[in-house]
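Below you'll find a set of structures to go through.
In what comes next, subunit A is part of two complexes: it sits with subunit B in the first one and with subunit C in the second one.
Up next is the complex of A and B:
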């Protein structure tokens, strides 16, 4: 009998570590990745021609990035690596793919989804102006392209990415005019004890925070409201501080986002059961510590099934691969399994403290006005959503989608989905867990009709 | 101190030597460097990537990681490409506000 076919989607830290463990066991996994080069977003590599020293790109994490980048090339023929390939559907143990305009499909016996995450977005006035990017987007501009998103840049966020990216921009020579955290500082301080369970990461956070404080530009915590002003492009960032006073800084670009959200569309299409996490206020496909989903043939690793960060993703990738091996009757090293499970449990405690330190900024959602664009793809407003709830009786986001097209645009609700659910919950006066979850639809990203779709 | 209406959005912080890649935006010649994604190449020259279909506005991309789909750009040869994942190519003719469609 031939070896089972194991497909992996994603070549970030989780995907490559899964591939490595499977290849070491003698299987020949197939790794699909949309990017040209491995690394995912956190360890994203510049395209050919734009390479720079790892220390400049990844700072403290340069060694880890280099190691992750080397995995697939070191495995050589022991893995089938399909870069520049979008997996746009999962259907009856088959993947539909698109590579450089050409369609394909791949049957699998086991599937490891390592689909990663993107920034979580909350709309604010001016957020669709050219020059406003997510924090992750601003970071990629610098990391992968060596450019800044503007000449005078302001950053807004609610999580550990904020001081990191401000530090990276300042270090690269950009003028950082404001770093605004929408989380009250007291909440962070309360959680410091919990974070110290992971001193290295915590120390890095303090390092970046302290470095930012030493530079010019405004630094503020507990920001209550914000808006970007400009005629056709960013001209200023205006915010209401913890003191209730309005502040304003001239700038030509803004990086703003509020934590991360999992890319879970393929898990949805694969039939995985989802659960609501009340701390991060997100739905995610259910998974065990070992990475097993509710579907016997599907495994989940990395940020695509709940946010844990890059180090956790590497552990989860390897652990999910060992679960695959266990489930197909291959021998695995029980002591390694125990070590991984213990490490993952430790990381989960740290993550809990981190999430609690950066609670969801409800106040920003509550202040979204009716004329605010909620659906970035098609310009549908928050008012349209409220009207669908109040006047048309929509009680959850899929119904809102049917009435308003919110979540139906090119991004498939990746950008608007969270805020839409929060707004539905506020309008109905119910917990956000009762506001529904946008169902995944194939294709999970736009694909050309002319490419020959069957 | 704000930027002029047509000033580029992006600024190169890390210069790379090597050959340049000529391309056009609405028929106007521009140059990029090897390793530039189309999004970078355009926004180093212009403040936006495309007109927004549903209102009198422009868009310049948002997530830079192939998720938000805000950066789809028209080329004069009829192709539509996602600028944050497409390398700029020699002779690419980008159409933002028209003027060069053939």
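Up next is the complex of A and C:
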């Protein structure tokens, strides 16, 4: 009997560790990744020929990045690596792929989804102006292309990424004119004990915060309102502080996003059951500590099924691979399984504290004006959403989508879906868990009409 | 907690036909309840191609389509909803001389029903639609056909029905209906609706509902596979179909090009459907052959939905053959969107007057009971949705 085919989607920390464990067990997993080189978003690599020192790109994590980057090349022929390949659909036990513009397919017996995360976006006045990026987008510009999003840059956020990116930009020579956290500092102070469950990570956060403090520029917590001003491009960031006073800083670029969201579209198409997480206020595919989903042939690792960060993703990738091996009747090292499970439990406690330290800034959602663009792809305003709820009886996001086109454009709601659900909940006066979840449809990202057969 | 409603007419299936029927029945002074298993207008009524098309229909459907087309002219005002109704014309392309002969024959037949089609030769087609590939030898144009946004039509009918006083109950799946002394009892979970009249506009479940009253109507699920591109500069000035029906496309006001591609997968029982990749890729290739201008376009979404299809591809419309005061309107076989508005009026006429001036004999449910029923009319039917 031939070995079962195990496909892995994503070559970030979770995906490569899953591939490594499967290859070590003698299987030859197939790793699909959209990027040209392994590493995912967190350890994204510059294109060949544009390399720079790891310390510049990844700071404290340079060693981890180097280690993750090396996994697939070290495995050589023991894995099948398919870079530059978008997996745009899962149906039954088949993946639909797109490589360099050509269509292909891959049947599988087991599937490990390590699809990662992207920024969570909340619209604010001026958010669609050229020069406004997500924090993740600003990081990718720096890591992959070696460019800054501007000369005078302001960052706004709600999460541990904020001090990190400010540090990275300052180190790269950009003038960081403001670092604004929309969550109150008190929320972080309250969670200090839980954060100490992972002292190294906590210390890094303090380090970045302290470093930023030394470098000038404005820092603020508990920002209540913000807007970007400019005529055709970013010229200034204006915010209302915790003290209720309005502040302004001239800048030519803004990085802003509010936590992360899982890229869970493939899990959705694979038929995985989702659950609502009240802490992060988002839906994610259900998974066990071992990475098993509600579907017997589908496993979930990394940030694609709930945010845990890169270190957790590596552990989850390896653990999910061991689960695959267990389930196909291969021997696994029980002590390693126990060790991984214990480490993951420890990390989960830290994560809970971290999420509580950076609560979702719902005050920003509540202040979205009717004339604000909510769905950037289709150019639909928040007012259109409110009208669909109030006047047309829409009670959840799929109905809102049908009535207004919100979430129907190029991004298929990846950017606007969360804010749309929050706005529906506010308008209805119900918990966001009752505002629904956008149903996924293939393709998860745009595909060419003229792809032809690969 | 169980709830009881007593109304003159109970409509099972809140698609466009069902909700339009509720509107017309309320206007006739009857009390009405509408039950839908999901959200009104979210089934086949809401996820179809959006063609407001008469051309290419089975000839028996033309009297209905002609009457419905007149309603479409003022429908947005009636419903107080922008329907994105665009009288773009519908052009049906011939890719062979045989196709052209078929179109000419159809144009002669359609004229008998008052539908005027313009035959266009190859040069005329090329001058009108220069971006078409070189496979087209001619076409017929139906200037008064067009397109609309299907997602908003059914819900707008449901809202109007509500404003007029109908009880519109969504997420109420009907599990049983039976004849009682005074009329009907319809069970939908803990809700029971008692009514004098029962309207079966239950789409793919229409055959099942009919069977509860001893009638036979074979209805198969039909899942048209649909795709849409990102917004493109406006260039598809007409809604377009071809002989054989294997390519059809239109462009929305927003700029997205919507096109069809084969059949998807669906399970009506659990209300789940999925587009199928091979069908999508095939549709992309066929559409590209016809419209090379889409070479650099990107598909941003594909979808399907579940309609009910009969063996002869025309709906079941009319009084029940077994049960007084039961009216059927289902099995629109993937092309009911244009007909939806008129179905409300016709159902209301059947209920309040016992007859309709529009000829509906070909749609009688008895046709499936007849010995030796054959799907002889299917070949006359355009398969575009």
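Just so we're on the same page, the second predicted complex is superposed on the first by the 452 of 454 C-alpha atoms of A that agree within 3 Å, B and C clash if a C-alpha of one lies under 4 Å from a C-alpha of the other, contacts with A are read in each partner's own complex, and residues count from 1 in each chain.
One rule holds for everything that comes next: a residue touches a chain if its C-beta (ideal position, glycine included) is under 8 Å from a C-beta of that chain, and two chains touch if they have at least 3 such contacts.
These figures come from a predicted structure and were not determined experimentally.
Trainee: Regarding the shared-chain residue A:123, is it in contact with subunit B (first), subunit C (second), both, or neither?
Mentor: The answer is neither, since A:123 touches no partner chain.
Trainee: Just checking: does A:392 make contact with subunit B only, subunit C only, both, or neither of them? Give me first, second, both or neither.
Mentor: second
Trainee: Which partner does A:410 reach: the first (subunit B), the second (subunit C), both, or neither?
Mentor: Both partners, subunit B and subunit C.
Trainee: A:446 in the overlay: touching subunit B, subunit C, both, or neither? Say first, second, both or neither.
Mentor: Both subunit B and subunit C are touched by A:446.
Trainee: Contacts for A:46 in the overlay, against subunit B (first) and subunit C (second): which applies, first, second, both or neither?
Mentor: first
Trainee: With both structures fitted on chain A, tell me whether subunit B or subunit C touches more of subunit A's residues.
Mentor: Of subunit B and subunit C, more residues of subunit A lie in contact with B.
Trainee: For A:12, is the partner it touches subunit B (first), subunit C (second), both, or none of the two (neither)?
Mentor: So A:12 meets neither subunit B nor subunit C here.
Trainee: For A:402, select first, second, both or neither according to whether it touches subunit B, subunit C, the two together, or no partner.
Mentor: So A:402 only meets subunit C here.
Trainee: Contact-wise, after the overlay, does A:253 reach subunit B, subunit C, both or neither (first, second, both, neither)?
Mentor: Once the two structures are laid over each other on A, A:253 reaches subunit B alone.
Trainee: Look at A:131 in the shared chain and tell me whether it touches subunit B only, subunit C only, both, or neither; answer first, second, both or neither.
Mentor: In the superposition, A:131 touches subunit B alone.
Trainee: So subunit A touches subunit B in one structure and subunit C in the other; where do those two contact lists coincide?
Mentor: Touching subunit B in the first complex and subunit C in the second, residues 378, 409-410, 446, 448 of subunit A appear in both lists.
Trainee: Sort out for me which residues of subunit A touch subunit B in the complex.
Mentor: By the definition above, subunit A touches subunit B via 34-36, 41, 44, 46-52, 56, 118-119, 128, 130-134, 136-138, 140-142, 144-152, 172-174, 230-233, 235-236, 250, 252-253, 263, 376-379, 409-411, 414-415, 445-446, 448.
Trainee: So in the complex, the part of subunit B that touches subunit A is made up of which residues?
Mentor: 1-3, 5, 7, 9-16, 18, 33-37, 40, 43-44, 47-49, 52-55, 57-70, 72, 80, 82, 85, 87
Trainee: Show me the residue ranges of subunit A that touch subunit C in the complex, using the header's touch definition.
Mentor: 89, 91, 94, 96, 103, 105, 378, 392-393, 399, 402-403, 405, 408-410, 412, 441-443, 446-453
Trainee: For subunit C, which residues count as touching subunit A in their complex?
Mentor: Listed in rising order, the residues are 39, 42, 46, 151-152, 155, 159, 229-231, 254, 274-277, 280-281, 284-285, 287-288, 294-303.
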